[in-house]
Amino acid sequence: MSILIKRSKSGCFNSACNVKLWRLNSTSADSALKKGEEEEEFRVLDILKKRDKMQRRVVKRTDVQPDRIDRMATNQNWGNVWPGPKTFHPSSVPLPIRQGYVPKGQAPPGKKANAELMKIPNFLHLTPPVIKSQCEALKQFCTEWPNLLNSEESIEKHYPLEIISSDYCHASPSIRNPLARVVILRVQLADLKLDKHATDKFKRLVGDRYDPKTDLVTITADRCPTKVQNLDYVNYLLTACYHESWNFEDWEKEKTEDDMEYYDWDNNASKRSLIDWYLRVKNELKIMNDEEYKAFDISQIENGAQYKASVSKYMNEGENPQTVQEYSIAVRKLFGLPQKKLV
Amino acid sequence: MSNVLIFFYRRLKNSSFNSSTRTLSKLQIRNYAKATSFPDYYQNPIFRKEDQVKLIADSDLKNRATVPVKPPTVSETSSVYFDPLVNKVINHVMEKGNKRLARQLVEKAFENIKRKQIERYHLASTPEEKAKIELNPKDILYKAVENCKPLLQLQPIKRGGITYQVPGPITEKRSLFLAIKWLLETTDEKERTVHFPEQFAWELLEASNNTGKVVKRKQDLHRQCEANRAYAHYRWQ
Amino acid sequence: MFTRNWKHLCRRYSQAVTFRTSEIYPAQHNENQIGLFYTIKPDLCKQLFNHGGLPKSFMKQTKTFTETAIMVRQPALDIMDCIRASDMNKPVIRYVLYGEKGSGKSLTLAHLLHYALEEGYLILHVPWVSEWLRRTPRHKEMTNSQTKEGFVDLPLDAAEWLLHFKTQNQALLKNCELKISKDYEWSKREKTEAGSPIAALVEHGINRVKYACDVIDALLLEIKILSNSKQCKTFVAIDGFNSFYYPMTRLNTPTKKKIKPEEVTLTNSFLELTKNDWNNGVVVLTIDQLAVPDENQESFLPRYLLYKKGFEHLDPFVPIEVGRYTDKEFLSCANYYRDRLWLRGPSDLETELKFTSASNPYNFMLQCAPL
């Protein structure tokens, strides 16, 4: 009996077929079993016994619900399926998405059991129709856009200060990006109320943050850990520079001609030499002081104005064949010489 | 034995007169002493316009189209004044890869030759004399190198414990090499105050007139070959 | 007889290809002759350029070519036109020749010097300023100035210049109309009295080298006065003028003190001459990258080379660019070289040379040399 139990234990399940087999195999043993109770006997070797067949395992289907995506209607409201930010779920997203790094030549793994897809933040809750409907819902709380700010120019005119910062979305476990803290402030220098001295000083204070081509001052802050702090800092910088540029320090009186950003013809030797030349031509040479030179009206000199313009351009724009050429033309006119003939 | 020598002489002489064009084409082939990055089935580039025209005319282009070609070096240009022999001489003059300096020196020498010859031209009184004067420095170089090329060489061969200087034929390539080498060696035997271009110009002019130290050196070699002709059989035995 | 025929034949041949003009008087040159070569007579050449004035490489060429031929170019004609158009009673006009290295500034100046000589100007020509300030041969004579405190004299250079001045103006100095206005006392025994001719002053400088710098100072002053009083018209030509304004010279005093250009007496004399406080004269200057060390050769334009100080000193001046060869000039030059046996070979050589030399006259000459 013990054998029977053993055998029955080693057998998998009590299916009818199995029991039948078992009985067939043990027909001869049946009598021995009975005798065994009385006396101990050797086990009978059953030579013709057939080998146990491998019993095929029948997969018993568990009662699993079909995928949700198979039951989705094509005209469903997606906003109801995915109402808020959520980790990716393959059964809810009816898209054949693949994601992941694989060796060359293979297709990336599908969406099911794909950790790559679950790691990254998704924006499936922000589809355009959902946004639209949410905006519609929010509309009742909004005020109307001022209709005078209808163009880019008018916006620039009324709101000259421009703050630029960026938000990032990318495949990493953290939704934070270190670059998101950077805040850039941009303002046209012309929009700031500065006089001649203050403009000059402001330019020196901001240094290369001022672009003379576009007349834009660009201040960038990234030293604080959050965006708000950087925004505060940028605003502080602009305010500080603005007020500092209006200050007039004592040492600023020591500024000389060489420190100027531009060449002022009236203060320079060029004007003096022109006047000297003019007076020599008229034989009225006299010794003048700086103030007299500055006050001298050059409009009485023929072609003097053009000469002035050309020298100023020569010095301010820098030396290049074009400016030298213009200077040459102006000087020849001044002296009454023939212009260079083009061959 | 002397018959053999005479035979060499004739053969070499004939070849040297006919093969000036062949020498040139050989000069344009680069055989690398060291291993290069190019496998040996790479073909030498054809960078001269006239060669390319010839290639197209001979319809050899099809055969070459499938074969990989080495890139030409910086000095191998299709410029009008590229000359393979001049390039060779520049390479001989060059030290430590300073080709720029070498080229400057050789060009300066050419300039000196030209100045001297033009001066001579103006001094000459009759048109016949004037016509005789060679004004092109490159032609003078060609002439000088041709005049300096030896036709025979002496090879040391050891027989019975004694080394004999055995006369024998010389390849085209080696004779060109010796000619340029001798020209430069003779140029180097100069006063410190004389500059290389001047001396080199002088040597080239001398050699082109079939006079001077280098030509004498060649003749000396020939004379010794003639004297040692009794040993000629050692080349085979 | 035969050679003459030969020459005649040559000339006829040359005229056939038109790279040569038979007009040897610069004053007669006009637009039609641009790009053509004209020959300066050997004795004239010797008078003008015996003590310098033509670049060294060009001198070598003249020897090989057995003639001194200069191309008639636009800048020189331009200046001649301007000189003719300008009013001599007005202050002198400064013309500044500028251009790339090797574009022919010095040769343009040589052309103008020839013009000035033909027109009867008194010539004050400095062949190369760097020769004084930047070239330091082993025995450069240098002494502290006797008359000016803290200044340095270059007596040998000064005497050489006086000699140059004398040879260039032989004819004008001979006729003795140019008199000195005041007495000059050199030492206890030596003095030049008022009323003696300029030639005496020059002679004194050449003979008594010690006073050469002071003599130049006096001479330039006298010439200014003479020009103002219309006794002569003066042509000032200075090659490598920007050397005067480079912050440092290569000169050292025996005590190893570096000398600035403004501490040299010659500098001051010639800078005084280039001011526009006199009239009846012409001032032509060239500024050259070669006159300054390599590290300050970034640009060839006047403001960069003259520095602020030099620019203000000259302003207003007429800048005149000496450029590269035009196509016509290049072709004519190539033909000239072919005629002079300097260039030979196939005609596509020209196209290649034009490309490799970028039509720069000096580079072109250099690249033709080994061909």
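Going in written order, the chains are labelled A, B and C, and every chain counts its residues from 1.
The definition used in the following text is that a residue touches a chain if its C-beta (ideal position, glycine included) is under 8 Å from a C-beta of that chain, and two chains touch if they have at least 3 such contacts.
According to UniProt, the chain labels map to these proteins: B = Small ribosomal subunit protein uS7 domain-containing protein; C = Small ribosomal subunit protein mS29.
Fair warning: this is a prediction, and the values are worked out from it, not measured in the lab.
Among the chains, which one keeps its Cα centre farthest from the Cα centre of chain C?
That would be chain A.
More contacting C-beta pairs: B-C or A-C?
Answer by contact count: A-C.
So how far apart, in whole Å, are chain A and chain B when each is placed at the average of its C-alpha atoms?
Each chain's C-alpha centroid was found; their separation is 68 Å.
Would you kindly tell me how far, in whole Å, the mean C-alpha position of chain C lies from that of chain A?
The computed centroid separation for chain A versus chain C comes out at 65 Å.
Using Cα averages as centroids, what's the distance between chain B and chain C in whole Å?
47
For the complex, give me every residue of chain C touching chain B.
3, 6, 60, 64, 66, 340-342, 344-346, 348-349, 352, 369-371
Quick one: which bits of chain A touch chain C in the complex? Just the residue numbers, please.
268-270, 273-274, 276-277, 280-281, 307, 311, 314-315, 319-321, 324, 327-328, 331-332, 334-338, 340-341, 343
Which positions of chain B touch chain C when the two form their complex?
Contact set of chain B toward chain C: 79-81, 106-108, 110-111, 114-115, 118-119, 121-122, 125, 127, 135-137.
Looking at the complex, which residues from chain C come into contact with chain A?
Against chain A, the touching part of chain C is residues 31, 34, 74, 78, 81-82, 85-87, 90-91, 93, 98, 276-277, 299, 301-304, 312, 315-321, 326.
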